[in-house]
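Order of writing sets the labels: A, B, C and D. Residues in every chain begin at 1.
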Amino acid sequence: MNAHSDTAHHEGKNYLNHERGLWSWLTTTDHKRIGLLYLYSILTFFLAGGVFALLMRTELARAGADIIQNPEVYNVYFTLHGVLMIFMFIVPGIPATMGNFLLPLMIGAKDVAFPRLNLFSWYIYVIGAVMAGFALIHPPDTGWTFYAPYSIKSGSSVVLMTAAAFVLGFSSILTGLNFIVTIHKLRAPGMTWFRLPVFVWGTYATAVIQTLATPVVGMTLVLLLMERVMGVGVFNPDLGGDPVLFEHLFWFYSHPVVYIMVLPAFGVIGEIIPVFSRKPLFGYKAVVFASVAIAGVSFIVWAHHMFVAGISDTAAKVFSILTFGVAIPTAVKVFNWVSTMYKGSITFATPMLYAIAFVFLFMIAGTTGIYLATLATDVFYHDTYFVVAHFHYTIQGGAVIGLIAALHFWFPKMSGKMYNETLAKIAFVLVVVGFNLTFLPQFVLGMEGMPRRYYDYPPEFQTLHTISTIGAFINGIGYTWALLNLAFAALFGKVKAPANPFNSLSLEWQTSSPPPHENFHTVPEVTDYPYAYGRPLSYENH
Amino acid sequence: MAHNSHSSHAADHSELGHIIPFAVYRNVLIILLILTIITVAVSRVDFGVLNIVVAMAIASVKAGIVAAYFMHLKYENPIIWIYVLFPIILLFLMMGGIFVDNPTRRDPKIYYEVPAATENQSATNH
Amino acid sequence: MSHASAQPLKGPPHIHHMDSVTAYHAAKLGMWLFLATEILLFAVLFTAFAIYRWYNLEEFHAGSHHLNWILGMTNTAVLLFSSFTAALAVDAGQKGNNKAVVKLVGVTIACGAIFLIIKYFEYSSKYHHGYFPGQANYLEFKNFLGLYYCMTGLHALHVIIGMGLLTWVLLKAKKDRFSHDYYTPVEIGALYWHLVDLIWIYLFPLLYLVG
Amino acid sequence: MFRYLPEQASDFAHKVDWINNLITDISVFFTVAIVGSMIAFAIIWRKRDGKDHETPRIEGSHFLEAVWTIVPTIISIYVAAYGYVIFDEMRDIPEDAPTVNVTGQMWRWDFLYPNGKKTTGELVVPVDEPVKLLMTSRDVLHSFFIPAMRVKMDVIPKQFTSLWFRPVKTGEYRVFCTEYCGRDHSSMLASLRVLSKADYERWLNDRSDEAKAARMKPADLGKELYTQKGCNACHSLDGSRLVGPSFLKLYGKEEALADGTTVKVDENYLSSSITNPNAQIVAGFPPNMMPSFAGQVTDDELFAMIEFIKSIEEPQQAAPAAVVQEDAAALAAMSPEQRGKRIYETKLCITCHSLDGSPLVGPTFKGLYGKSGKLADGSTYVADEEYIRNSVYDPASKVVEGFAPAMPSFQGQLSEEDVKDLIEFLKTVK
């Protein structure tokens, strides 16, 4: 890409220091700063959700009651773990942080289409988080899925928590809407659709799902709320409601939502592998179409969460077959990533290590998904630890590893500093080893029939549970280490980052690190797609 | 493709929205009111199962007219068309998925009166 | 936007990151996307309505006969007329006629208020006859009435939000802000108002006539 | 590789396992192939000597894209089709299968057999015969899961769901609730007992328990339950204070609760105290001591218990255990462990000390002998013979950390011989 090089010295003014003080951050409309606001918020909840996970794992290390004497407390812990991690951490996860920061930079815009709306979304997110915080006074114990009729009968503050989820969803809608308009209207001259980096494509597909699926769960939660407060008779079987309908409507959003989490991570991996392999992304258009296809298909597979939930056999069969449709574009992506490395010149910087681990973990996540899409086996695996492990491989092994990879990759751009590579690699080893140690045993537990959301379990499952708990602590230490390393580098790091430390061709690296408030001092002209690495095979130009 | 023109000067009028003559708005309102009356009138006639289909068809014509003229959809960019059609398709997918399920259940019934444990035997399935 | 003070009274506000034509089209696309989310919000209710209607056809028929279709039709006419005035307001905006915008938007808001008043009478009559959730007669048509309240309630909430949005437009028009090259808020507000009308076009036959 | 599914006890289990293992093999093959080639690429084409070597500008290949679209498609169709066919068989309920009604309730499973017999927490079926379960719930969603049979189905209030299976071997299997249903979701277990046909017939037609219960006055049944269920460990009949309040003149009394409110002891309070004991704790008594009996007693038994409590107007000696006294000769013929087990059961150690590792009111007996740990006073103990003997006679002197000093002394109730037998028994509980 022959984008205008824009790294000229601008007397040290950048988006971080052109205005100072807390107030300038709280009133900023700069997408880069808002991305950071989101980042700080979600990492806080990641930490909190992680603490609940570790509390649960500690309790489960041995059969019987250990640190938690009352099962109700355990039930609260897994509910809060789910709510925090899903609604407050990983849904805003990559799109609202990296997406906000990178999207305008990558398409050569000065900001998102609606900067004030962007700030507003963050405030809505904060309001949702505060509401969820108030719900902790009488914490809900329904699981993050809020299944009726238990959520109608539970004495805990389900109302406040579902209202919080609704508000958080509204924030998500506004972010998605903003991104769609930005990508449609604000691309730099020459930035055609097929010159967009795959991260932008991933974010676009995500934004479509965010905008169009979130209202469904929002309304469903409002109906649940109405059911609780007024008893309108929509989900309550005592009033003629069908609780399975709640599951349908809930999963209509909550299945696509896993693609909200993971599609941007796909994009991140698609950015990292070419840069560190010095090769064009293999099959760029196939990768793009796969993203769009996944987003499309994600809307019609929801009932695979419900094969044994009391839906009809016919419905189960239809949705099983549709579900296999997701497998194909996902497989295409994996093949393309791996092929990109073929004949490359590969450096093992930390982001690349995470990308390689991502492919490995996502292979396991994807293939274990086949068991759950296949009817005969899903009957056995549904609601066992197998599902728990599969889900964590996709979301933690996929989305969270993707986020951590992105944080390392774009850290020089965001902070203008370099992090300590050795410490980052140690954290990487801890994360990957700890993660596999946590969740591989859970696959085996699931195969042996261990049901999920159990406070206590028969003694024969103990060994694997103990291993899983040890892994969880290693994993937790790994994430803390990785994030502290980055935080330390951002605050006290001495090594200044060059504009383009990894020699990437995409637009965000063509401006200084950290970028100026306006992103680019001159409007960039784009003449090629961002993966034109390597020696041309022929002399034909793009 | 992208409407990102380099000039920041006041734009040419035609680049903004389309202007529709007053008569069109007036006629549209009249048609809408007539269709409302037709809806009510038609609901007096019993078409059996088709009652709801007829009612929804008329409503869709009305909605289409409102969208096309009042909301200027007729003159809009195709991308807006896509984002109008998308949620409607999703609505049908949602309904479709759920209608594949409930009516085909073995015992597609919600029992208002609780069958007590001892009476479960009477609830046979087919 | 640090240039707010330098903003001219009439004409498009200065936006630092895009030109005014792009801003207009971006705002419109954004609004349409938002309307798409609104459609999906109601889609959940329509789906629930469809499936419970399938379960309890008789109850839905009987329940719909308990609603006053004359009031429903009046409300339909009121909303259609308000949509008409909203569309005319956009037309006035396109021509930069701020006075007409004030009048037409004012009429639209008034129509919204009439709609809400009629709705209030419908609700209170239901309440007095014991057809509210938790009241004695509610269980007779619980699925139908439950969805009736949810759908019309959510719709009424949208009417209120729409009136708020239009009030903001009205205040801007009073300050003579709109011109032929800047009338985005009028168009955005009107689009939202039309959606309120669109939803009602479906709710009226569904709830009052067919059941 | 990776064959972890439990034993196959139904006739379609081996088919489920077949497709499962097929998926496993395909998954392992592709994971190893793809991840292997990725690692190979990474090693072969790693950047050497800190210098980038020239890389070819390969931008894609339509042929390869087609291959890796079509191959996964074919595999997907193949797996989906077999999953579909086997599922069809699992859901094709034989017309003539006898039906057992299953009712889920927080947190127990009730079963109703074709001849009207009822059980709770235990499903009994004949081997080699298809059985259909017609299921519903009294409150929230539950899910009925028998791993060994490879069947699972949610249980929904006000609706009926069903499943079927044909057991192929006798034995006892676990049943789990797999749909989260509130506090004691993880203890909503049941067991499935598969009997030979003859045994099943005998069992089905033996309704003596019910008949006996039906003949008894509720208060008498309650009296029997008082010892059977171990209420007597914590609630006296003579007004003395044990772990929980005495039953003497309890009914009709105004009790001050721990949260400062007062409550009149009526049927409702008694009923909720049995099924949800920690909701309303009487002031001065420790919370979380009493296990919930929800799911462990039937409605009839609950009623009987309440009638019994109402009847305690005069101080009574704790009724002797309802267990028939063994005659001395029979006891002498037993091994010490057997006698110890007998003591464990009849002296109600069983109420507070589990054998399966779960902590109840007291520490579990599982693996206790020889174990060491911490006491509440911070010192340590080793569970040798002396320690156990001391714990039986003077339990309050050494209380294990994390447990309440709730155990009464058995001085005078158990002889030195008895304690020796008990210790022998404990040694066998690993």
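Here, a residue touches a chain if its C-beta (ideal position, glycine included) is under 8 Å from a C-beta of that chain, and two chains touch if they have at least 3 such contacts.
Values in this document were obtained by computation on a predicted structure and should not be read as measured data.
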Neighbouring chains shared between chain A and chain C, ordered by label: B
Chain nearest the overall C-alpha centroid of the shown protein atoms: A
Separation of chain A from chain D, taking each centre as the mean of its C-alpha atoms, in whole Å: 37
Averaged-CA centre spacing for the pair chain D and chain C, given as whole angstrom: 55
Chain A-chain B separation of Cα centroids, rounded to whole Å: 33
Centre-of-Cα separation between chain D and chain B, whole angstrom: 51
For chain C, residues that touch 2 or more chains besides their own: 18, 22, 25-26, 29, 33, 36-37, 40, 43-44, 47, 51, 55
Numbers and ranges of chain D residues touching at least 2 other chains: 158-159, 161
Two or more partner chains touched - positions in chain A: 184-186, 212, 216, 237, 240-242, 244-245, 249, 310, 313
Overall pattern in which the protein chains touch one another (line/ring/star/complete/other): other
Pairwise chain contacts, counting only pairs that touch as defined: A-B, A-C, A-D, B-C, B-D
In the complex with chain A, residue positions of chain C that touch it: 1, 16-18, 22, 25-27, 29-30, 33-34, 36-38, 40-45, 47-48, 51-52, 55-56, 133-134, 139, 142-143, 145-147, 149-150, 154
Contact set on chain C toward chain B in their complex: 11-12, 18-22, 24-26, 28-29, 32-33, 35-37, 39-40, 43-44, 46-47, 50-51, 53-55, 69, 73, 76-77, 80-81, 83-84, 86-88, 90-91, 94-95, 180-181, 183, 187, 190-191, 194, 197-198, 201-202, 204-206, 209-210
Contacting residues of chain A [partner chain D, same complex]: 63-65, 69-72, 75, 141-143, 147, 149-150, 153-154, 237-238, 240, 242-244, 277-280, 282-286, 308-310, 313, 316-317, 320-321, 324, 327-328, 331-332, 334-336, 338-339, 341-348, 356, 359-360, 363-364, 367-368, 370-371, 373-380, 382-384, 444, 447-449, 451-459, 531-537
Chain B - residues contacting chain C, complex: 3-11, 13, 15-17, 19-20, 22, 25-26, 28-29, 32-33, 36, 39-40, 43, 51-52, 55-56, 58-59, 62-63, 66-67, 69-72, 76-77, 79-80, 83-84, 86-88, 90-91, 94-95, 98-99, 102-103, 110
Residues of chain D touching chain A in the complex: 2, 4-6, 15-16, 19-20, 23, 26-27, 30-31, 34-35, 37-39, 41-42, 45-47, 52-61, 64-65, 68-69, 72-73, 76-77, 79-80, 82-84, 86-88, 90-91, 139-141, 143, 145, 147, 150-154, 156-159, 161, 174, 176-187, 288, 356-359, 364, 366
